[in-house]
Amino acid sequence: MKFKVSSELGYYFNSPGTLILNIHALKSPHQQILGESFFVDPWFYFEELISVGADNRFVRVNVTEPSPVKLRYQATVENSFDVINCADLYEVQVRDMDALVLSYLNPSRYCQSDKLYRLANNMFGYIDNAFEKVLALTEWIHNNVEYLSGSTNSQTSAYDTVTEQAGVCRDFAHLGIALCRALTIPARYFTGYSYKLSPPDFHACFEAYLGGRWVIFDPTKLAPLNGLVKIATGRDAADTAIASIFGDVRFDSISVNCEFAGTGFEPHFYTDSSSQALSYL
Amino acid sequence: MKFKVSSELGYYFNSPGTLILNIHALKSPHQQILGESFFVDPWFYFEELISVGADNRFVRVNVTEPSPVKLRYQATVENSFDVINCADLYEVQVRDMDALVLSYLNPSRYCQSDKLYRLANNMFGYIDNAFEKVLALTEWIHNNVEYLSGSTNSQTSAYDTVTEQAGVCRDFAHLGIALCRALTIPARYFTGYSYKLSPPDFHACFEAYLGGRWVIFDPTKLAPLNGLVKIATGRDAADTAIASIFGDVRFDSISVNCEFAGTGFEPHFYTDSSSQALSYL
Amino acid sequence: MKFKVSSELGYYFNSPGTLILNIHALKSPHQQILGESFFVDPWFYFEELISVGADNRFVRVNVTEPSPVKLRYQATVENSFDVINCADLYEVQVRDMDALVLSYLNPSRYCQSDKLYRLANNMFGYIDNAFEKVLALTEWIHNNVEYLSGSTNSQTSAYDTVTEQAGVCRDFAHLGIALCRALTIPARYFTGYSYKLSPPDFHACFEAYLGGRWVIFDPTKLAPLNGLVKIATGRDAADTAIASIFGDVRFDSISVNCEFAGTGFEPHFYTDSSSQALSYL
Amino acid sequence: MKFKVSSELGYYFNSPGTLILNIHALKSPHQQILGESFFVDPWFYFEELISVGADNRFVRVNVTEPSPVKLRYQATVENSFDVINCADLYEVQVRDMDALVLSYLNPSRYCQSDKLYRLANNMFGYIDNAFEKVLALTEWIHNNVEYLSGSTNSQTSAYDTVTEQAGVCRDFAHLGIALCRALTIPARYFTGYSYKLSPPDFHACFEAYLGGRWVIFDPTKLAPLNGLVKIATGRDAADTAIASIFGDVRFDSISVNCEFAGTGFEPHFYTDSSSQALSYL
C-alpha cells in the first residue's frame, strides 16, 4: 500500500526552547519511506533520535531565540500488513514471551492494568479465544465510551476512562491496552497517520500480542484498519507523544493529512464474526 | 568494593504458573559478578532474560505442577562507584540528552511527573544548582514522608505519596523520581542489595541524571550510599519488580542479606553541605 | 420485631482525647427503644448529641487522662418495616422531592456519583422500572465485587470500588448509593445491627428513595433484610462513622451482637422476581 | 452595609426538565432582604425550598416544555458582620462543639480532609494559634495555587488541587476547607455575591470555626472580605451549587452584579499581622 502523509505544526516560542516531535513515519522492513522531507521554518538546528527498543524516530529542534516556528513533514510511504486467520491468534503464554514483549504486560502511566484485574476478568475472562477476547473488549469500549472532543486532557488515563466513559482516540487506546494487560495479553500504543479519518488528525489505536504477532485494534472504529501508516509504538502516550515541549511555548496550529496513493482501497474493519485480523509488523 | 549478597524467596504454587524474578545482581563494566548461584527447589526449568535498554537480568521459572518453590540466589560482587565533585553536576539540557536518557523524563505508572509540575517548581524551582535541587527534594521527602511499613501497597504512586506522606522505600523513590522529572531532570528507579539496611530487605532508591552521570540518591537515608549492589534500573517499580507472578500462587517467605567482604567500610551519606556525590555507573 | 443488640468497643488512650460513637439504636416512630444501657469503663463524662436532619444519636466521651477505655452498649428494640408492592415503587421526579431528599442526590466523599453518570446510564439506564433498576445494580455489585476483608480502608470510595471490584459491606453500600444518585435516584447510607450476619459486626447497606419511601437494599446479601436495627442514616460513612477518634488512641477490640427476641423469624432477601420490598421508615 | 445584587442566568431546555438554583441571598438575623425579585422568562412554575441545617434558599423551576429560559434575580440586602479580635479566635475543642459544627469536620466530596492529615500537620501543625494557623494555610494557597480560569472542572477536588496547584475560587475554597478539617478545625463552604470582584461572577470562599464563631477567609484575595453577600453555606460545592440541572439542557449565559449601596467603602483584607477578623454570622 502506498500513502502520502503530511503534517504541519505551528508553535510560538516566547523564549528559547526545545521541541521533540514524533511525527516521522517509522522505518521498518514492513514500511519503507520512498521519500520524505522535514522543514523547520525559520530554520533552527534539529537532529533525529531513535528510541531504544521500538525504533521510533524523534526529531529534536533547538529553538535558540523567541520566534514563531512551523514544522512541516511529508512522506511517501510503502507499507504492508499481514492478514492472519484468527484461528492462529492463540494466547501466548508468559513462559514463551521474550523480554521486550514481557515489558508490554507492565502497567504504565496511562494504562494502570494493575488496577483492572478483577474488572477485566469479570467482564472478559470467560471468553476462551484470545482474539475474541480482545475483540470483545474493543467492542465494549466502542459501545460504552463516548467519543467526545475536549472531554479529556493529557493527564487522563485508562483508570479514569473505564469509569467516566468519555474521551478521544488516545483514551480509547489506553483503555484497550490496560484491559489487555490485565488479562495477561501484552499490548502497546500505536500512533500513526490514518486514511479516511474524519476530521483529519494524528490517530492512536493499539496492538495486542496474539499468536506471536502484534495485531491491530481500534476501539474508535473511526478509520479503516488497513489505512494506517505507523509513526511509533510504545507503552502508552508517554512514550510516543506527537510533541514534547520544553520552554515557554504556545501551541498555534496543526494540520494532518493522509492520502492513499493507489486505487481500489477497500476499507477493512473487524466485525463480530471477523475471521481475519491485520498485523502491521 | 566486594559484597556477598543472597536472597531466598518462598512461594506456594496452587497451580502451574510462571514466576519472573529480578534478584540477580546487574552485570556491567562497573559491577562484576565474581561468582553466583541460583537454585530452584524443587527444580523447575528456568531461563535468564535480559531487558532491552537497561540490561536487567530476569529469571523466568516455569512451575509445571502445584508445589512449594524456594528460590535461592547468592553472589559475590565486585563493584565500584565514582565520587564526583558536586560542582560538576550541572543540569543537562534537553537538547543534549540522548534518546535513552530522554525517556527517563516521561511520566510512568508510579511517577506521574506530569501532575507535579507546579508543585515541584513552586517548591524547588528557585534553586539554581541542579545537584542542590535534587538534594533539597530528597531532604524534603525524608523530612515529610513518614516511613511506615504496611501503609502503602503495590498500587501506591508518587501522586498519592506527595499528599498522604507515608510509605516505604519504594514510595520514597517514586516521589523523588517524579519530582525530578517534573523539574526536567531525568530520573530512574534503582533496586539493589543494601549493606547495613535494617531490617534486611531489598532496597529501592533512585538515580538522577546530572552532569552527564547517573547520581544516586536515597530519600529514606536508611542505608549508606556506598553500600549498594545494583540489581536493576528502570522507569519505576513496574519495570523492576522483584517478583512478577502469573498463576495461583501464594507468597510464603523472604530473606535478604548483604555483607561487605572487606574491611574499613566508611558509611557515606549526603549532608546539606555535601560537596561530593556518588554514581554507580 | 423485637431484637436485643449489644456492642463493646475497647480503646487505649495514650493521651487525653475525645471519642464520638454512633452505636446507639435510632429512636423513631418505627423503632422504639424498650430499654438500653451504655457504660464507659472506667467512667468518663459523656453526653448524647443528635444529628441535624437524620436524628442519629452520637455519644461523645471525653477521656481526660491516659487510660484503657471500654464502651458497652446494649438495647432491646422493637421496630417494624413496611412491606411494599414493587409496583408502587415508581421513580420520584426531582420536581416532587423535598429539600432533604434532594440532598441525597448530591455526590459525597465516598459516593462520587458525578463521576459515574455515563457508566450508570450505560449499564442500567435502559431499565424502565425504578425498583428493578436499583435491584439490578444491587445484583451487579453482588455478582462483580468480591467481598474481601482487609482489601479496602477508610479512604476507599465508590469511584475506587466500581473499578477495583473488591471491598467490604461499606464499599458495597457506597457503590450502590453512587450508582443510584448517578441515575437521579436519591440514596443514603444505612448502618445498623444485623441479625444472622456472619461473622457478627456492625453492618452497612443503603436505602433508595422510591415511590416516596426509603427502601432498603443490601448488595452483600450477607444478612436478611428483615433483621436490621437501624443505627443511623447519612450521605455516606463520613456522616455515620461508628467511631470518630480525636487524640492519640489505639483501637483494641470490638464485639457486636444482634439477637431476635421472638420466634418464627423468616429471613427475607430480594430475588430477581421480587414483588415486595422493605422500608424501615 | 447595604448592597444591591443581581444575577441573570440563561439556559436552553431541549426537553422538559428541572432546574434548581441557589442564587437567592440568605435570610438571617444578620442579613435582611430589603427587597427582592425573581423572574422566570418565559414563566414556568417555581417554588422555594429551604435546606435543612443551613437554611439555604433554593428555587426549583419546572420547565415543562422545550424552551429557552432566562432567570433573573435581584435584591437589596442589608447585612452586617462582626469584627473580632484575633486573640479571641481560640481553637474550639471537639468536646465543646455541637452536632452541627461537628459535621463540618467530616470529609466531603470535594474536601477529602481524611487524605490530608499528615500534609496539613507537617505544614501547619507547628502553629499554636488557631487563627494564625488558618491564616497561614490561606496564605499558602494564595501563594502556591495559580488562579487559572478553565484549569479545573466540576469534578476537581481539594485532593487534586493540593498537588496540581491551579484552579478557581471554588478550588481555592475547597482546599482551605480540607486543610482546616485535617487540622481538626471545622470549616464550611461559602457562596455569595462579592463587591469589587473582577470579573464579576458568583464568588466562593470559606468559613472556619474559631472561638465559637464562623470566621471568613478567602485564599483568592480577589475581593474585599467586607463586601460579601451570603447566598449559602455547606460542606462544599456539592451542597451549594449555583445551578443543578436535570434534563437535556444547554447553558447559555450568565451575568452577576454586586453594588455597594452606600458611601465610604473601605476594602478589608487580612494581612500577615491582622489583629482583627470578620464573621458574617
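Letters A, B, C and D mark the chains in the order given here, with residues in each chain numbered from 1 onward.
Following the convention adopted for this analysis, a residue touches a chain if its C-beta (ideal position, glycine included) is under 8 Å from a C-beta of that chain, and two chains touch if they have at least 3 such contacts.
On a predicted model such as this, the values are computed, not experimentally measured, just so you know.
Chemist: Find out how few touching-chain steps suffice to connect chain A with chain D.
Modeler: Step count on the best path from chain A to chain D: 2.
Chemist: Could you put a whole-Å number on the gap between the CA centroids of chain C and chain D?
Modeler: Each chain's C-alpha centroid was found; their separation is 30 Å.
Chemist: Provide the C-alpha centroid distance between chain B and chain C, rounded to the nearest whole angstrom.
Modeler: Measuring from centre to centre gives 44 Å for this pair.
Chemist: Hey, how far is the Cα centre of chain B from the one of chain D, in Å?
Modeler: Computed from C-alpha means, the inter-chain centre distance equals 46 Å.
Chemist: I need the residues of chain C touching at least two other chains; which ones are they?
Modeler: 115
Chemist: Work through the pairs of chains, note which ones touch, and then classify the graph as line, ring, star, complete or other.
Modeler: Looks like a ring, each chain touching just two neighbours.
Chemist: What are all the touching pairs of chains?
Modeler: Pairs satisfying the touch definition: A-B, A-C, B-D, C-D.
Chemist: Would you mind writing out the residues of chain C in touch with chain D in their complex?
Modeler: For chain C paired with chain D, touching residues are 18, 20, 49-53, 58, 60, 62, 93-95, 98-100, 102-103, 105-109, 112, 114-115, 154-155, 184, 238-239, 244, 246.
Chemist: Show me the residue ranges of chain D that touch chain B in the complex, using the header's touch definition.
Modeler: It is residues 115-116, 118-119, 122, 144, 146, 159, 162-166 of chain D that touch chain B.
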